[in-house]
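Shared between the two complexes below is chain A, which has chain B as its partner in the first and chain C in the second.
Moving on to the complex of A and B:
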């Protein structure tokens, strides 16, 4: 379901959830798919939410689950947050947990510069 | 107990009805069937055959095409019209010249054909084939029955658990100090991941909370019930006040965060935890990932309380803040779970905060009606379909001095 752009050489990549809603219905499979990428060597990830217009509490749980798993060995940032998703991030303070960028490209640049 | 295709089902031989107006043909067919180990029942016309099939619960019908009264077609059609829970396999006996009739017979519900005169080899093959199919059907029916029974048992258990959960909740309407509480609690599917309570926690202080465990269903309800048992008035008293006796709801939330956080799990919950000082109307609260409650004045003006906070048990580094607001006499605080604002219409549109506030504004003069009105509005919004997520509406009405409780 997820879409991945990147290559294993530098461990950088962009993930799109491939759905317009990240909810209890698909959060677990989303998390498992991305965990597969992390295990395959992608340690610095942009999760591009530009096509996602709704994230519920299970979706937030999945994003934080990924962050917990990657720990200090890598980094997860988000991009393209819609107003609705931004609001969810603000109310749950996830805006303090995930660095957020307007576009996936900007997020990728920032990850490269941080390296 | 799972059944597999190889499990034998101990059933007596299948009952076979032989319908033919020709006594000789009937006797011949019956003799062949007896040799195959069946117990045949004979009928001399279609009507008698139909009666026998119904009475005996016969599973195989061997019938002639031409019979007085009900002919083979009509007999097959009548058998098919009976809405029984088992299948009757119909084999029609025709002469060579009647092969054109076969299409009509298939449409009437006949399964197979045999040519006259009946010979033992071909009857054996056809009856064995029918027997295989029917036993397969019986196996499936048995498996279905076992599943239905298991489902019923599971649902009965879930309903018992849901009743136990509901009994943990405070009364839907209650008065504590100078506040009237009104509430609605609707699980999306039998059990709920929500929990709430309110109580006098210390002289002059009312404590209350609403919790929403991420996700819903059995898994979420196990945590919500555990939290419901833990969060007693006594627990509030010990955890939500500092050493000087001042309200400190964030301390209670931080304790819960420490207790329920697990590195290897993503199970967490959102919470709104409030302590209301009776004399002053000062509201001390900690908002932990829950939607911002709404305060309404008697004139219908609404305002939002709080702007967010970390959820509980999601991150070990999370910090929790105490905030203060004022709930004056005549004002009402509405705490709710996101099952309200996130409820979707048939077209996938969320109910949203604007509509939520609209309902509150309309009911402002009668806060006691808010939970019921909100459930009504959401049910309309969902076109009567059940909610996708658990719903809690907790209304705390600070009644005016000497005022009656609104209903």
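Moving on to the complex of A and C:
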């Protein structure tokens, strides 16, 4: 389901959920797919939500689970949040947990600069 | 006045389609920001109904019992009624629910009830043997 654009050399990558709604129907498979990337060595990830119109509490839980799994070994940031998704992030205070960027490219640049 | 009534199978894969249909039907009556909170509350409530509706009164799976959802216009605002055929829920399910601010930021679950409470203007939960009825009210003119 997910789409991944990555660079194995520096462990950096962009993940697109590959769905317009990240919800209870697909949050577990999304999380498992991204965990596979983390296990394979991608430690700094941009979750690009620019094509996602809605995230529910299960989607939020999946993102938090990924952040906890990667821990201090890496970093996860988000990009491309729509007004709808931004509101969910504000209500659940995820705006305090995840650094957010307008575009995946800007997020990738920031991750590279932080390295 | 009913605006839309639908029945859905108690499966998570059914929730998104139902939410999209109901959001479209409610769109004329709510501001853009209010519609966003309507979508959050409705999605969480239907997901809960699916998860809890999968267990019948006898404790066995009851996947054939549909969840009935009705969207209505009322003098108080937009009403969503959700009736599942699951085991009777606790009377106080929606009482003393923590606000989203009070939930551990790093929790991976447990936000659903909090989001429903936070995103609606009023809520009635009526559990009964063999079914649970949840009514959510959204004032059209008040943004949360």
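Convention: the second predicted complex is superposed on the first by the 115 of 115 C-alpha atoms of A that agree within 3 Å, B and C clash if a C-alpha of one lies under 4 Å from a C-alpha of the other, contacts with A are read in each partner's own complex, and residues count from 1 in each chain.
In this section, a residue touches a chain if its C-beta (ideal position, glycine included) is under 8 Å from a C-beta of that chain, and two chains touch if they have at least 3 such contacts.
Remember, predicted model here, so these are calculated numbers, not experimental data.
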item: Contacts of A:24 with chain B and chain C, given as first, second, both or neither; value: both
item: Partner chain in contact with A:103 - chain B first, chain C second, else both or neither; value: neither
item: Touched partner set for A:83, first chain B, second chain C, both or neither; value: second
item: Partner chain(s) touched by A:92 [first = chain B, second = chain C, both, neither]; value: both
item: Which of chain B and chain C A:68 touches, first, second, both or neither; value: both
item: Of chain B and chain C, the chain that contacts the larger number of chain A residues; value: C
item: Partner chain(s) touched by A:58 [first = chain B, second = chain C, both, neither]; value: both
item: First (chain B), second (chain C), both or neither touched by A:114; value: neither
item: On chain A, the residue positions that both chain B and chain C contact, one per complex; value: 24, 54, 56-58, 60-62, 64-65, 68, 91-93, 97
item: Residues of chain A touching chain C in the complex; value: 21, 23-25, 54, 56-58, 60-62, 64-65, 67-68, 83-84, 87-88, 91-94, 96-97
item: Chain A - residues contacting chain B, complex; value: 24, 31, 54, 56-58, 60-62, 64-65, 68, 90-93, 97
item: Residues on chain C engaged by chain A in the complex (per definition of touch); value: 12-13, 15-16, 19, 32-33, 36-37, 39-40, 43-44, 47, 50, 100-101, 103, 105-109, 111-112, 115, 118-119
item: Chain B to chain A touching residues, read off their complex; value: 212, 214-216, 263, 266-268, 270, 289, 291-292, 307-311, 314-315, 318, 338, 342, 350, 389
